[in-house]
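What follows is a single structure, written as structure tokens, with notes after it.
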Amino acid sequence: MKRQIPLAFVFAFAVIMIIQYFVPSDLSMNVNEFLLKWIYIIGIFALALGIWSLIRVSYMKIRLKKPDWGYSIITLAGLFSMFIFGFDYGRHFFSSEGLKNYMFLGFFDNILIPIQATMFALLAFFIASAAYRAFRARSILATLLLLSAMIVMLRFNPYLGPIGEYMEKTASWLLNVPNLAAKRAIIIGVGLGGVATALKVMLGIERAYLGKD
Amino acid sequence: MKLKILMLCCIMFLGAVSAGLAQGNIDTSSQTTTPTISPPASPGNLRAKDTPNDNGHSITLSWDLSSDDGSGNKSVLGYKIFRSTNRDSGFVERGVSPSGSKEYVDLGGASAEENDYMPNNSDYYYKLRAITADSMIFAEMAIFGPIQTTGQWYNTSRTLILLFVLLFTSLMVYFIVKARKGANLFVRKLAGIEAVDVAIGRATEMGKPILYVLGLGTAADIATIASFTILGRVAKKVAEYQTGLIVPCNDPIVMTVAQETVRASYLDAGRPEAYKENMVYFATSMQFPYVAAVNGTMLRELPATNIYMGKFYAESLLLAETGALAGSIQIAGTDEVAQIPFFVVACDYTLIGEELYAASAYLGREPVLLGSLKAQDYAKAAIIVLAIIGMIAANFHWNNFTEIFHITN
Amino acid sequence: MSGSRPWGKIILFSSIALFVISWLIKAGVLSSTGGVTDISVRDAFFVTLAAFLTLAILSFLYKDNPYYKFAEHLFVGVSAAYWMCVGFWSTFVGNFIPRVSSTLSGFFGVPFKEFNVFYLIPLILGVMLLMRLSSKTGWIARWPLAFIVGTTAGLNLIRYLRSDFVNQVSNTFVPLLVEWKGIGPFFSGFSLSASGQFTLSLTNWVIFVGTFCGLVYFFFSKEHKGFYGGASRLGIWVLMVTFGASFGYTVMGRVSLLVGRLTFLFQDWLGLIS
Amino acid sequence: MNKVGLLISFGLIGAGLLWFLIRAIRGQEVERRIIFVFIGLAVAVPILFNITFSEKASPIVEAVYDKIENLSSGSKILISYDYGPSMAPEVEPMSNAFLRHSLAKGHKVYIMGLWATGQSLAGAAIENIVKKEFPEKVNGVDYVNLGYKAGNQGVLNVIITDIRKMYLTDVAGVNLDSMPIMKNVKSLRDMDLLISVGGGLPGVKEWVQFAGDPGHIPMAGGSAAVSAPLLYPYWPTQLVGLLGGIKGAAEYESELVRNYPRFAKMPQPGVKMMGPQTLAHLVIMAFIVIGNISYFIIRRRQG
């Protein structure tokens, strides 16, 4: 009962979605639309579960005075202030509705966006340190990796003269020809593995996600 | 004297003639600045049919070109399509098809909420107008109708996909059944997976936890589902060795599923009491805040091993470099092609693409799972054969063959 | 913040002081360039906040520190609430409420469409998911999970088969001898230019051999020995060359991101460059 | 200022790298924070001190430049804006440079777009560049903005035989026949050079396939870095030349500034962006070399 019904669910809905793909009628379109919308709506409940987990972990940290517990207060403060701004519905604190709330947008533009962009920009540093650490001619594979990366990066050297042009051509060949071949091999493999895994899920062979008992 | 008079006459005559001609010239030149386009020949043979392989709400029209389209006096700019539910009146413009085109798909809305709702099984009438640069000059084609739209119950253009679904499913079922009967199936070594056991042992020796990152995928992504299986194995080993486990999640449903998985593994290992709900927690569902949190965790908890399995995007290198900084052994696996290079560069072991899916089968060593690997290999061999045939076909322009694989709808 | 407490405090106080100074100066600059004072003060606060958070994240490059921890924890809290709010207003209020209740639609100020009983199913499934919070009823949460996993497994099966499999296979259908019209024309038109018949054919060969060897590398049930060994080794070489090239190519994009961040600091905040 | 800044920053970064090279030869690894500092400097210094490199145009870029330069004054050049705002930072410098060069050389410029978003970007370019920098140029005489027409490559199929089948007026609604610039222009075949600037679909490739090739019209392009490699094979037979990514734009801008004193003060976003890019790439490559040297030295010592 605890496992059979979910497994039957998985099989039934997977089969419905597969059949749906081959049936173009209105009914089939509606089924597709409904099922996908349902997932979004369930997602909201799941998000509530997630927020609950976040609050609980933070609260436990504060209550047990674990290391760095003070920062958990900041998490909760950020969370609840954003909630208050975001759920403010025109009748409480500010004049505009939730998502257009001035502070909500202000937090989004000036806390989320800059931190997000800066985290992303850290990649410029990390890509350099990773290159330094890993691009060493340890083995044939590592050497190939190193050489092709160097050739592509040499595009940005203005002092190479005629060699630069040759490098540029080699780089564009690398990005065009072997790149296409390798990506195609990976994608075909991923496609097959994906289909196989989806089938295993459907047939209930792969069911770690359902837990036990 | 006579000659002089004659010449004078001649000049007068010529002058008159040239003046007359000049007059005429002015007329013609004024005509060329505002050219009058003669009405084009009307297009012919308007036909209409219900658009195939759809849910209805659409009609496909075709016609023969006007003789002034591309040839004749080349005045046709395009064709306007009109539709009505009545033969005699109420025609509404549906669209314009450029000159030289012989077909137009009139696509209506599928539900009453959409503006141009076109209910199925009711009558429609069409007419076609060849238009010119002057909006007042055109040629109309006779009205066609009535015609009805209907939804189909099978999309014939997708038969190839159906064929592949059936073929692949039977291939898999065949090998799984064969594996169940006890056939010995060989599976090659996957360095990344062999490393998992060693890494867990190392973590136990060091007394440090293992960090397992499921990536940014949702519970619906196949890569994440494969990752759940691997997480299950890792968690079981961790429970046996009594090592710590940290699983920060990006998606709340993934968190829920991961909690189930880990709890089941602890149960399997006979240590249900060691399972703590807080091992698997929700960080946040935005990409970079999640990375910020995981990076912080790596530097504070200093896990012995970081395992990244699932869907990863730009954060792959951020995570892997921070992990390297913390001195952890790192094992990664993703099917996200663009991110594989960064994992390969920054991690100790990387499962490339399909290897991630194979890993879950490999770890289990269950015959059913290994059987599916065998089926995948046969499918790959079949692809190679297909590709070779396809290339020969392309070389000699056997378009009938290559067209089969060209799925447009 | 443990070992060097006095230093930590000095740095903390000076950064707070710097924040306030920056705020005041920025507000002064903004209002002097013709703005309403109230708005200038608010905008100046936000620009300064953004700049300090940017610096706090960058400080991670030196080492984990209290400023990074502050930014990180704030980031986590704010972003979690952000998604919840967006999800609530756009999906729950936007898509769900107008289909189930006219009273609630009125309350949230969205136009009520029509009652649709099918929309109650995700509500039930959602509530089942919340049952997880109790350990006794937790197993019920598997039903909605099974629904989601099943639906998307079916969807993904087709998607993978179509876009990653059939489309990629049909993309391999390129002629190995481009524009073949017999041996004579092929060699009489022989040229080494990039768009020449010979080069195009060679390119197709390389792509084919690369794909072939790559696929052989992904053979799991064959031991990589003999022919398979050779082909799979060539396959992994091609993969590595590709990975190196992609890595090298991405550097440009990442540097651009850093340029964008530093431009923000130098231009929008400090006003050093125009 | 530029030279001094360049010298100082190069000197500092170079000296630092040399120091770590010597350390590497002694068998010492570089700490990652050092690498971070170098990357930070390599990006920040060019932004702060506006350090730019004079880009030497590669042959594929030079070919476009020479083509526009060598056409006799008054030739007809068509520039198609095939991009939207998201791609603009990368390819707008190219279309701007083409526009400036063509007008400065006295060519007649025909502007159009296969992307709806291109029309407003082209309009902005006319406002900001043509009207401000070339006040003597007259709309309808020296340049015309035909605007956007829907239909992707289908548009090309039509205008390759007759422009007026698609365009009866320019973007402002002025009849084409009333414009001196459109006199004796019937189809794309009357153009002396076609230029498409874009990076998506339709883009340079479609222009080559549906206009340049079938009409035997000289064709040049500017493309985002991502799609540029796919276009290289068309050069030099089907494309006169190509600008790939911000680097191509920078090379073209440099060439323009070098040869036209009037453009000395023009904004060079391509060149500006290349400063940090070039330095950062050089620094990364230098550290890869240093890393390999120390790796081999340590290995030899150990083994």
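All chains are identified by letter, namely A, B, C and D, in their written order; residue positions are counted from 1 within each chain.
Keep this in mind: contacts are C-beta pairs under 8 Å (C-beta built on N, C-alpha and C of every residue); 3 or more make two chains touch, one makes a residue touch a chain.
Predicted model, so just to flag it, every value in this text is computed and none were measured.
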{"item": "Pair joined by more contacting C-beta pairs (A-D or B-D)", "value": "A-D"}
{"item": "Most remote chain, CA-based centroid, reference being subunit C", "value": "D"}
{"item": "Between subunit B and subunit D, centroid-to-centroid distance (C-alpha), Å", "value": "30"}
{"item": "Subunit B-subunit C separation of Cα centroids, rounded to whole Å", "value": "18"}
{"item": "Centre-to-centre distance between subunit C and subunit A (centres being mean Cα positions), rounded to whole Å", "value": "5"}
{"item": "Contacts with two or more other chains, residues of subunit A listed in rising order", "value": "18, 21, 39, 42-43, 46-51, 54, 68, 112, 115, 119-120, 122-125, 127, 129, 131, 133, 135, 145-146, 149-150, 153, 156, 175-176, 183, 186-190, 192, 194-195, 198-199, 201, 209-211, 213"}
{"item": "Contacts with 2+ other chains: residues of subunit D", "value": "32, 36, 39, 43, 232-233, 277, 280-281, 284"}
{"item": "Overlap residues in subunit C, where contacts from two or more other chains coincide", "value": "57, 60-61, 69, 71-72, 75-80, 82-83, 129, 132, 142, 145, 148-149, 151-153, 155-158, 160-161, 165, 169, 172, 208, 211-212, 215, 218, 239-240, 242-244, 246-247, 250-252, 255, 258"}
{"item": "Interfacial residue positions of subunit C with respect to subunit A in the complex", "value": "42, 46-47, 49-51, 53-54, 57-58, 60-61, 69-92, 95-96, 108-109, 118-119, 121-123, 125-127, 129-130, 132-133, 139, 142-158, 160-161, 163-165, 168-169, 171-172, 203, 206-215, 217-218, 235-252, 254-255, 257-258, 260-261, 264"}
{"item": "Touch list for subunit B against partner subunit A, complex", "value": "53-56, 110, 120, 151-155, 158, 161-162, 165, 168-169, 172, 176, 219-220, 222-223, 225-226, 228-229, 231-232, 249, 251-253, 255-257, 260-261, 263-264, 267-268, 278, 281-289, 291-292, 300, 314, 317-318, 320-322, 324, 335, 337, 340, 342, 344-346, 352-354, 356-358, 360, 368-369, 372-373, 375-376, 379-380, 383"}
{"item": "Subunit B contact footprint on subunit A (complex, rising order)", "value": "18, 21-26, 28-29, 39, 42-43, 46-51, 53-54, 56-57, 60, 67-68, 112, 115-116, 119-120, 122-123, 126-127, 129-131, 133-135, 145, 183, 186-190, 192-201, 205-206, 208-213"}
{"item": "Of all residues in subunit B, those that touch subunit D in their complex", "value": "33, 74, 77, 98-100, 133, 325"}
{"item": "Of subunit D, residues touching subunit C in the complex", "value": "33, 36, 39, 43-44, 47-48, 50, 225, 232-238, 245-246, 273, 276-277, 280-281, 284"}
